[in-house]
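Below: the structure, in structure tokens.
So that you can tell them apart, the chains are marked A, B, C, D, E and F in the order they are listed, and the count of residues begins at 1 in each.
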Amino acid sequence: MIAHSFRGQVFGPAQRLHGATYVVDLEFRRPELDSDGLVVDIGLASTALAEVLSDLNYRNLDEVDDFLGQNTTTEFLAREVFDRMSQRIAHGHLGESARALTALRVTLHESHVAWASYEGALPTSADG
Amino acid sequence: MIAHSFRGQVFGPAQRLHGATYVVDLEFRRPELDSDGLVVDIGLASTALAEVLSDLNYRNLDEVDDFLGQNTTTEFLAREVFDRMSQRIAHGHLGESARALTALRVTLHESHVAWASYEGALPTSADG
Amino acid sequence: MIAHSFRGQVFGPAQRLHGATYVVDLEFRRPELDSDGLVVDIGLASTALAEVLSDLNYRNLDEVDDFLGQNTTTEFLAREVFDRMSQRIAHGHLGESARALTALRVTLHESHVAWASYEGALPTSADG
Amino acid sequence: MIAHSFRGQVFGPAQRLHGATYVVDLEFRRPELDSDGLVVDIGLASTALAEVLSDLNYRNLDEVDDFLGQNTTTEFLAREVFDRMSQRIAHGHLGESARALTALRVTLHESHVAWASYEGALPTSADG
Amino acid sequence: MIAHSFRGQVFGPAQRLHGATYVVDLEFRRPELDSDGLVVDIGLASTALAEVLSDLNYRNLDEVDDFLGQNTTTEFLAREVFDRMSQRIAHGHLGESARALTALRVTLHESHVAWASYEGALPTSADG
Amino acid sequence: MIAHSFRGQVFGPAQRLHGATYVVDLEFRRPELDSDGLVVDIGLASTALAEVLSDLNYRNLDEVDDFLGQNTTTEFLAREVFDRMSQRIAHGHLGESARALTALRVTLHESHVAWASYEGALPTSADG
């Protein structure tokens, strides 16, 4: 639940300080399940996402250092969440089994009709 | 899509400037349909709601004169939309037939899991 | 999934022959559960609703005798389904236990944002 | 996410041990907002609901002492959650302000099409 | 909200004149965001979609010249909306930035359980 | 609506016998529509899915021979439904036209926030 404003005529009234609720969905992909029959440990994944979001939630993003000079659009934020989750996966926060994940899709729903996703490959163990 | 902040320890991190997307549903009630077989002219109702919301949308509610010193919670805003729609109904903005409406419920969804409603009787023609 | 047209300027382009998908929800009410711990036998209720809808589905309602000279609006059809279900309840089609139902609400969703309901009391055994 | 079985021919194959996911919604009502502009402290309400559900979640309800000889239907469980939340409200677990709540509705969704609710008045401070 | 009928035994009762509500979702894809941080100007995209749909809405598709001799199934209509949106993108109706879009997916929901999509690549500037 | 238990510390309280409701969505893909303008005969597809699910529904999966020694996680079951539907497609249960389907995605929703999919290519006629 963040506040922000946008720069650029294309944004019309959204150039004013306003806000949004984002509901965040994650979609993890892998070709084969792990030995427990899982794609990912949903408990560890939820904890990691909660950590990522707690750095952004209940803030005015116009004042967050990382985003200075940046339009924090829904699609930009989807990429940001993707990058921060990818790092946590690479650092083992989602468990050893999660290193076999091959792709991640992050979706931010800003209302019941508007959303944006970022989707990309994850570095595999073999790449590491 | 508004920005605002709350005063009171109960709000925790929501005391900071943050924001929310509200999806607004209206539920109109009447005992009998009008001569066209309708509860309300959905075109006129949508226009009236759009007018009401355009006064609130893309704003920092902390700076709106009507709300000074007020926590603009979801439940407070539901009541506010109810009052503004009731006035428009009483003034004939939803058509003559809409004067036979007996009740209105306004729901603001702030996410897929959290929402607040205000519901109440509408003054009938006989009251006027 | 019906076709129909409306008469009256208020309907604008919907005066032309067009169509709609209706998703129908039923809400049964009673003060106490029956001896099985149920509000209603959901199997019998589904069968009765399927019968009611099969008389209406895949039709041009402009050509259905029961509706001649009638705008078959969503709100009108909600009442129609209510009446037909009430009859089936009174005739025992939903089982003996269903005679203790006190109210029914019928909702027709015509899209993810527009719907109409009819809700009313059901005659109780004591009334019969 | 519970397992259970039902007794009674009306349940057909659900007489076998099977299971269900329930998504639980609470709707709190009061005539006037509290001094913070709230219906209820959503944080305290969520904690209380989590406590209530943790006694039921990931269990075979056929083996829970409180439910022996009882069909744990969706509608029965809605009442059970209502009773347990009412007690917590009466005992002040949702804060002093929550004593002004006048009604509660508990809905258990068992799928995207089937649900059951229990709704009733809450004892007010004046009753206590 | 269209009326239509189908030819072919596979359609059963849908061979009769009937109707449907379609809720239309568009999903635009591009590898990099534009200089405003956007995938697409959602205002221009909504206007273009509204134009495309206004040619189809509130009609009996059996009488639309473009569709003579054609079963206007949900999946056929998804392709039709895709083609008409692609043309508008190519003609610059969604802005210069939209020429960098690489793919489009069009989904028509005909109820809460049934839908069809058409998805394909968009010609890029380099192709033009 | 199944009961089951899981083996492995990662499952925490889900190691106890519990249960779940799964709502199953199928997504069929093909490059060109068939001569009726369809991706698949939705009637035949629904019948085939109902058959597949009737072997699993209202059961304790811990006691199903096919799954002995297997954690019947949501993602495992998605694959299982995929395999059983693929066989029916290959055997012509969805009609001759369905042999031109190129891919299938099976999604099991276990709540409004958690789901798992399995998606893969289908053998084409040319492969057969």
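Throughout what follows, a contact is a pair of C-beta atoms (placed from the backbone, for glycine too) under 8 Å apart; a residue touches a chain by one contact, two chains touch by 3 or more.
All values reported here derive from a predicted model rather than from experimental measurement.
**Q** Chain B and chain A are one sequence twice: same or different residues at the contact, by the over-half rule?
**A** Mostly the same residues.
**Q** Counting only C-alpha atoms to place each centre, which chain is farthest from chain F?
**A** Farthest chain from chain F, going by C-alpha centroids: B.
**Q** Through what angle, to the nearest 5 degrees, does chain E rotate to match chain F on its C-alpha atoms?
**A** Roughly 120 degrees of rotation.
**Q** Provide the C-alpha centroid distance between chain B and chain C, rounded to the nearest whole angstrom.
**A** 29
**Q** Averaging over Cα atoms per chain, report the distance between chain B and chain E in Å.
**A** Going by mean C-alpha positions, chain B sits 33 Å from chain E.
**Q** Mind pulling the chain C residues that touch 2 or more other chains?
**A** 112
**Q** Quick one: in the complex, what on chain D touches chain F?
**A** Residue list for chain D touching chain F: 1-4, 13-14, 16-21, 23, 57-60, 109-112.
**Q** Once bound in the complex, which stretches of chain E touch chain F?
**A** Residues 6, 8, 10-12, 70-73, 75-76, 79, 113-114, 116.
**Q** Flag every residue of chain F that touches chain E in the complex, lowest number first.
**A** 25, 33, 36-39, 41-43, 95
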